[in-house]
Amino acid sequence: MELLFLLSSFLVVALPGLLIRHVGVIEFVSLTASVIALVESFVIAFKVSSVGTYAPMSFFFVDALGAIVMLIIACVGLAVTIYSVRYLRQETLKDIIGFTRVRQYFVLLNLFFAAMFFAATANSPVFTWIFIEATTLATAFLISFYNKSSSIEAAWKYLIINSVGLFLGFFGTLLYFTSLSPIGAEGLVGWRSLVANAIYLDPLVAKIAFIFVLIGYGTKVGLAPMHTWLPDAHSKAPAPISALLSGVLLNVAFATVLRFKVMTDLVAGHAFSQNLLIIFGVISILIASLIILVQKNYKRLLAYSSIENMGIIVLGFGFGGLGAMSALLHMIYHALLKSALFLSAGTIFLKYSSTKIARIKGLLTALPVTSVLFFAGFFAITGMPPFGIFLTKVFILSSGMKTHPMVAGVVMFLMAIVFIGFFNHVTSMVFGKKPSEVKKCEEDIWLVIPPFGLIALALFLSFHLPLFLTTLLNDVVAHY
Amino acid sequence: MLLEIVFLTIVFSHITRKNFGAVLAYSMQSLAIAMVIFNSFLLTGATSLLFIASLVLLVKVIMVPFFLARLIQRHEIKFSVSTYLNVPLTLISIAGLVAVAHSRKFAPLTSIVPANQLLLSLALSAMLLSFFLIINRKGAISQIIGILSLENSIVAFAIFAGLEQSFSLQVGIVSDVFIWFIIATALAFMIYKHFGSLEVTSMKQLKD
Amino acid sequence: MFNTLIPQVSFVVLLSFFGVGAIGALLFRKNDVISNGWSSFFAIIGSLWGLFFSIVTIIAGHNLSFVVGKSSFPRLALSFHIDTLAGFFIFVISLISLFCSIYGIGYIKHFYKKYDIGVFCFFYHLFIAGMLLVVSASNGIFFLIAWEIMSVASYFLVVYDRNEEENVKAGFLYLIMTHVGTAFIILALLLAYKFTGSFDFETIKLGAGLIPLSVKNIIFVFAMIGFGTKAGIIPFHIWLPSAHPAAPSHVSALMSGVMIKTGIYMMIRIFLDILQPIPVWWGLALLIVGSISSLLGVLYALTEHDIKRLLAYHSIENIGIILLGVGSALTFLSLGMPQFALLGLVAALFHTLNHAIFKSLLFLSAGSVINQMHTRNMEEYGGLIRYMPQTAMFFLIGSMAISALPPFNGFFSEWLTFQSLFQGVALSGFYGTWFFIVAAGSLAFTGGLALACFVKAFGVSFLARPRSAEVAHAKESSFSLRLGMWALATLSLLFGIFSGRITLILQEIGRGLTIFKNVPSFIVVSSRQSIAVGNDFSFVSAPIFFSFLIVTFLLVMFVMHFLINRNQKVKVGATWDCGTDLTPRMEITATGFSRSIILIFKGVLRPSIQHETEYHDSESRYLSRSRTVVLGVQDVYQAHFYQPLRKAIRTLSLRVKDIQSGNINLYISYIFIALIIALFSVL
Amino acid sequence: MTIFVWILQLVLVPVTSPLCIGIIKKIKAKLQNRQGASIFQPYRDIWKLLHKDEVVSSDASWVFRYAPFIVFVVTIVVGASIPLFASFVNNTGVGDILVIVYALSIGTFFLALAGLDVGGGFGGFGSSREMTVSALAEGGFLFSLLTVALIAGTTNVFSISSSSMLVHGQSLLSITLAFVGFVIVLLAEAGRFPFDNPATHLELTMIHEAMILEYSGKRLALIEWASFNKLFIFFALGSNLFFSFGIAQGIGINAIAMGISALFIKVFIFCLIIAILESSTAKFRFFRLPDLLMTSFILNVVAISLIR
């Protein structure tokens, strides 16, 4: 029931949003929607942690993984909504955008949320596919939001590449239905029945299907070499949208891959899917880390860092065991921190109105709080204690050291390279003398609170995990 | 028979120079798909299939080509932009891809339903070809068509592999594809506005 | 129950002092004075508490291991293990941090209104707490966290004076070097974990037998690189000469006096305690590394005229000397001569303690000079002894101690190191003898060169005439600064005079390690405080030497003043100036002083000398108006190791960047290729 | 009796050191067919200087004023803590080769500082050269002593001199090598030819003289005397550690008398060697000195490796 309430709240905002004539109303309703979403998803998460799975009707199905993903969407979603209210106001003040664009923004934003929640909770694989495709559709215009040629280009690449990928994923999804042909199931086929029937899959077909799924949804997850759309889209979208894209959307897509991984493992054994995951993870980390070293644009930098972190997560699931557990944790931390980083990057962009790293100097004097947040986020995302990503990285590597020592060693050094490159850019941004044209003025508190909240949450989670979260995590590790 | 049409249309849109030709080929192709669905309606007699067939007919055979035609007329771009490979090379690679699709390698896929193994491998090669179309063509329209035909061939594969989905799924997919198509055309309009052509290779700002 | 609980509680209290100090400093950051007072108070109290705690631990020979709280993560436990060795390092940390904090009260006044004092104090406390955790943690992951906290806190202290461009650069270099080092450490721990299945040091120690020898060697090399980077052994030292000068002086005193010792501590802990038994080549490798670091360190120090860089290079040298002790200990252990090994360990520990004392003393006095002169360039000092006599005295004592002149403490630890090396040289029929000969030789030359270097440092900056107008404005520094330096100076004399007793205590500390349990004592200290090594191999007695020196000195003074010349006059005149009036530019410069040594070792140092002569009239070149000689030493490691590495990685990444060419068709073909390859790999 | 021995041990060095300088000077004069001053001339010089007024530079600090005393005291202390004529004076406190080496470098340290202190043109490069030479000499010095220490199985100089190691002559070769190395170091440390010309005041060549250029009166006297002592200390070390025959092993008048006379004979031989060396060789170029010192170090390393 909560689920319907939650989803409807977004749709309610989204659809009539077109009719509303007043900005404040739109902002208010979307804020309320995201607050509701947060509350509801916590309720659902508690339910799931206590009951197991939660399926109010045949159409929805929330297991532990879904619950975790929902929590991520909701937490980041609230922060992003709060942030984007102020962000858009600032931009309207600078009259970069007008009212219609603001309205369009919020409508699409809420559609995006709805699509992501649907994708996380839909029962049928095909519906999941449809809604993930729907996220692509909802965000296409958000990426081309500023209507500059470069953002159109980004949007086009995003659309085309993702659709190609997703159609491959669709094909893979369909292949899993071959398991049903013996019994010829009719009507809507849910995840659970598929998993139940997975034993009837022909192992080779399962392998092929998984390859299609991995490469297809992997495009959405941003695994190299299918990652090419990601830096463009993330750097051209408005900062809050980039935060959602790399903080949340990637995880939603990856959760789907995991669901398919289970079926494949049932017939093809763990080794196959794990090796694939390890290979793609290592490639992603390699490419991302090397490109980060010579990056010139801080939003693209963050985007590549997302690719690297997705690679780490995938690697963790490839290693399995403790690795999977900590990969999930890594997913949570990364979602929170990366969106915080993108939000503070948005503030930096508002101040300097440039995304070139070379243009940003003396952040510490220009934006004291935001720069501190940015620095903290950087330390956190590159795995500096006391932030939890350090732990997850060590755990992932430790479980990798048991099975693939060489891989673990290589990845260790790639991570070091990421740190060096990232750190190089961050120091050049934070320190130094600030350019004279940038005037030092008070920071908008509402632009600071959301990233601060996210980082604080991540910090809290890296010191202590709530009980229901640990149960969810263990549940996921048990299943996937 | 109908699947051959799908296949041939894709090959045609590979080699044609005219955008209209490509669009026409696509509508033929979609028509064939619709016929296939209608055919299975005749076999099973499920009214939902009839509905879907008509939906496909409406969306893919009429509206999509119509919009594309509008786009083409608006910017009077009769001739589609160049490809990477010239026609002979394209044909050679097409042949290669077809061979790949028919190779023993893909036996596990194509022998899902042993009865129509040939059809399945044909659908598979159609998929690969439309994939190749997206890679090979530089025009935005050709890429749109490529993706649409990729979807068509997947649907065809699904049908012949006996993986047809429930009614709601079908509707969802078709509407999804339709919305996708609308957005893509809108973006194509914007591209033309900003870049003065529908040549996707003109978009090279976002590097590194 | 009770007396098992007390030490743990007191350790937690110790940590909490620094925690409270850190938080409070942040809370009061609005007001510089309050936050400074608050943090200094808690730092001093905490350090005193730490001294008390560590002394109790050492005396009582506690060997406590306990777990605080419970972490919600697997394999991570906040578990501590404090044996006498850890207690000793806690002692060193608290000792130095005590005086540095006293010094800091006055020192950071000149940051008021310029930077945020609260933030500084926060990281200062974090830094000390991190070091305490590093030496006391007994869970691998917990240790790594503490290690990183220590590094990050010190990084922020290094870049604290952030308006200086090169400080930021130095901090950058420091953090990336230490991060790469940490990567090696993590790999070493992971390897150990792979075979023992635990991150807990005790468990690893018990399961050390499960680790195959080859992996052990890899672990050794990794740990060597990782901890060596922190300790600053050559060639991983490049961060050290740039980071130490950048930090505020009492922080550089802490970093150079204590922080780099944590690397040594972990080496001792891992090689000597956890991974036993070990192959013999580890010790020999350490000997070689130690010799190289000590000799090159002092040579590079000679080339410096930036006073803090000079001191930083001397830290490298002394780390090398400590490593000589550790290396000989390792070698003797694997040769099965534990009592010799104990001697080596004692020497290493003693030198650790001494170096901490006199190096922080030197940094503090250098700091108070810089505080007055606002430059680190020694060429602009000169004649400071007249303007800040006490600081000069402290610096002199520090220099005598670091160049191992008796009766100061530096001599006795070097004496012990020499003794342990001599034992190795005296070994017969063992190829390793040669390593010991090399080590002893390099130690001997290091002593001589260090002497030369400190004659230069003290002479050029404190003696002769002022070399710049700034000197005239220099004043003796404020009380808290002098108090801190005074205490350290006194300590470095006392620790020299009571070296006998300290040696005994250190031997007991060494016995705290498992392998040294009930090892027959090799060092005997007689009633006259004379240290005797081996069976009458050699003796030295600090008190006798000291009293002998003093008595003779008084005697001579007495004779001179009251017997021989009662009625001679002492005229004060100008220095002999060869007729022309003497200007400061006629004095020898720091560079000129060491020029001859640099040229002698030009094979190693690769000096670059440019002469530029400007003539009065261009056609007849007889009278030169000005002649400038620039003597520089190129950084061999940057030039031949780090730069090429950087360039290689950079070119590689530029290649990889071409993947993102911006062409969408290419992008889609990546997907296609990936798909095909993946399919064909399984089918 | 022991008191007497102790006092003798204490005063022997300062009392006799000017004499051997005088002897060296005399022999050199003879070799150059000059009459030469009396061998007691150094005593007169010191006495004269001790009673002169002195001029102290206005730039000089306390380092300059007290350096001479420290240097002198150090030589006294070291002179008293090495075996001169008796090896039984069991001095376990300071009679260690390392203590000797490093205590002597205290003197060098302060002398060099004093040279820098006045801020003249000469003192600076004087101490620079001095420190260069002594830094390079230290390795050879230590290792030559270490060789005999290893042979004797102890680093205590008295025990070394008491151990009769020349008896079993298989380490004779290494002792000879070590001795050669020691002699080179002796020349360097005591500032004799070919390292330094004790008689020159030519700024291109002088090392020791450059440092003490500013001194006059009693301080100059002390420094000169200290340098005499240093030379004598080296003689004593060389004669008692390498050729320890004749040294008094036990307490007793004739043993001690024997020891003293043996010491004098050996020292005289040293003086002879030095004098002949100085009148036969020329001073080296400064940058050739390192080679010489390295040679001494290498010789000692070889010597140590030969002890088996």
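Chains: A, B, C and D, in written order; residue numbering restarts at 1 for each.
The criterion applied here is as follows: contacts are C-beta pairs under 8 Å (C-beta built on N, C-alpha and C of every residue); 3 or more make two chains touch, one makes a residue touch a chain.
All figures in this text were calculated on a predicted structure; none of them were measured in a lab.
Engineer: Which one chain sits nearest the middle, judging by mean Cα positions?
Structural biologist: Of all chains shown, the one whose C-alpha centroid lies nearest the global centroid is C.
Engineer: In terms of C-beta pairs in contact, which of A-C and C-D ranks higher?
Structural biologist: C-D
Engineer: Using C-alpha centres only, name the chain that sits farthest from chain A.
Structural biologist: Between chain A and the rest, the longest centre separation is with D.
Engineer: Taking each chain's centre as the mean position of its Cα atoms, how many Å separate chain B from chain D?
Structural biologist: 101
Engineer: Taking the mean of the CA coordinates per chain, how far is chain A from chain C in Å?
Structural biologist: Their C-alpha centroids are separated by 45 Å.
Engineer: Can you compute the centre-to-centre distance for chain C and chain D, using the mean CA position of each chain? Integer Å is fine.
Structural biologist: Roughly 36 Å separates the two chain centres.
Engineer: Return the distance between the CA-based centres of chain B and chain C, expressed in whole Å.
Structural biologist: Roughly 70 Å, centre to centre.
Engineer: Which residues belonging to chain B are in contact with no fewer than two other chains?
Structural biologist: Residues 108, 131, 134, 143, 200, 203, 205-206, 208.
Engineer: Which positions in chain C are in touch with at least two other chains?
Structural biologist: Residues 657, 660, 664, 668, 679, 683 of chain C each touch two or more of the other chains.
Engineer: Once the touch criterion is applied, which pairs of chains come out as touching?
Structural biologist: Pairs flagged as touching, ordered by label: A-B, A-C, B-C, C-D.
Engineer: Going by the contact rule at the top, pick out the chain A residues touching chain B in the complex.
Structural biologist: It comes out as residues 124, 126-127, 130, 133-134, 136-137, 140-141, 144, 147-150, 152-157, 159-160, 163-164, 167, 170-171, 174-175, 177-178, 181, 186-189, 202, 204-205, 208, 231-232, 235-236, 291, 294-297, 300.
Engineer: Spell out the residues on chain B that touch chain C in their complex, using ranges where they run on.
Structural biologist: 84, 100, 105-106, 108, 131-132, 134-138, 143, 200-201, 203-208
Engineer: Touching chain A in the complex: which residues of chain B?
Structural biologist: 108-109, 112-113, 127, 131, 134, 140, 143, 147, 150-151, 154, 157-158, 161-163, 165-166, 168-169, 172-173, 176, 179-180, 183-184, 187, 190-191, 194-195, 200, 203, 205-206, 208
Engineer: Under the definition above, what is the set of chain D residues touching chain C in their complex?
Structural biologist: 50-59, 61-63, 69-70, 72-74, 76-77, 80-81, 92-99, 102-103, 105-106, 108-109, 112-113, 116-122, 124-125, 127-129, 131-132, 134-139, 142-143, 146, 149-150, 153-156, 159, 213-214, 217-218, 222, 286-287, 290, 297, 301, 304-305, 308
Engineer: How about chain A: which of its residues touch chain C in the complex?
Structural biologist: 156-157, 160-161, 164-165, 168, 204, 207-208, 211-212, 214-215, 219, 225-226, 228-229, 231, 272, 276, 286-287, 290-291, 293-294, 322, 325, 364, 379, 384-386, 390-391, 394-395, 397-398, 401-402, 405, 408-409, 412-413, 415-417, 419-420, 423-424, 427, 431-432, 464-465, 470
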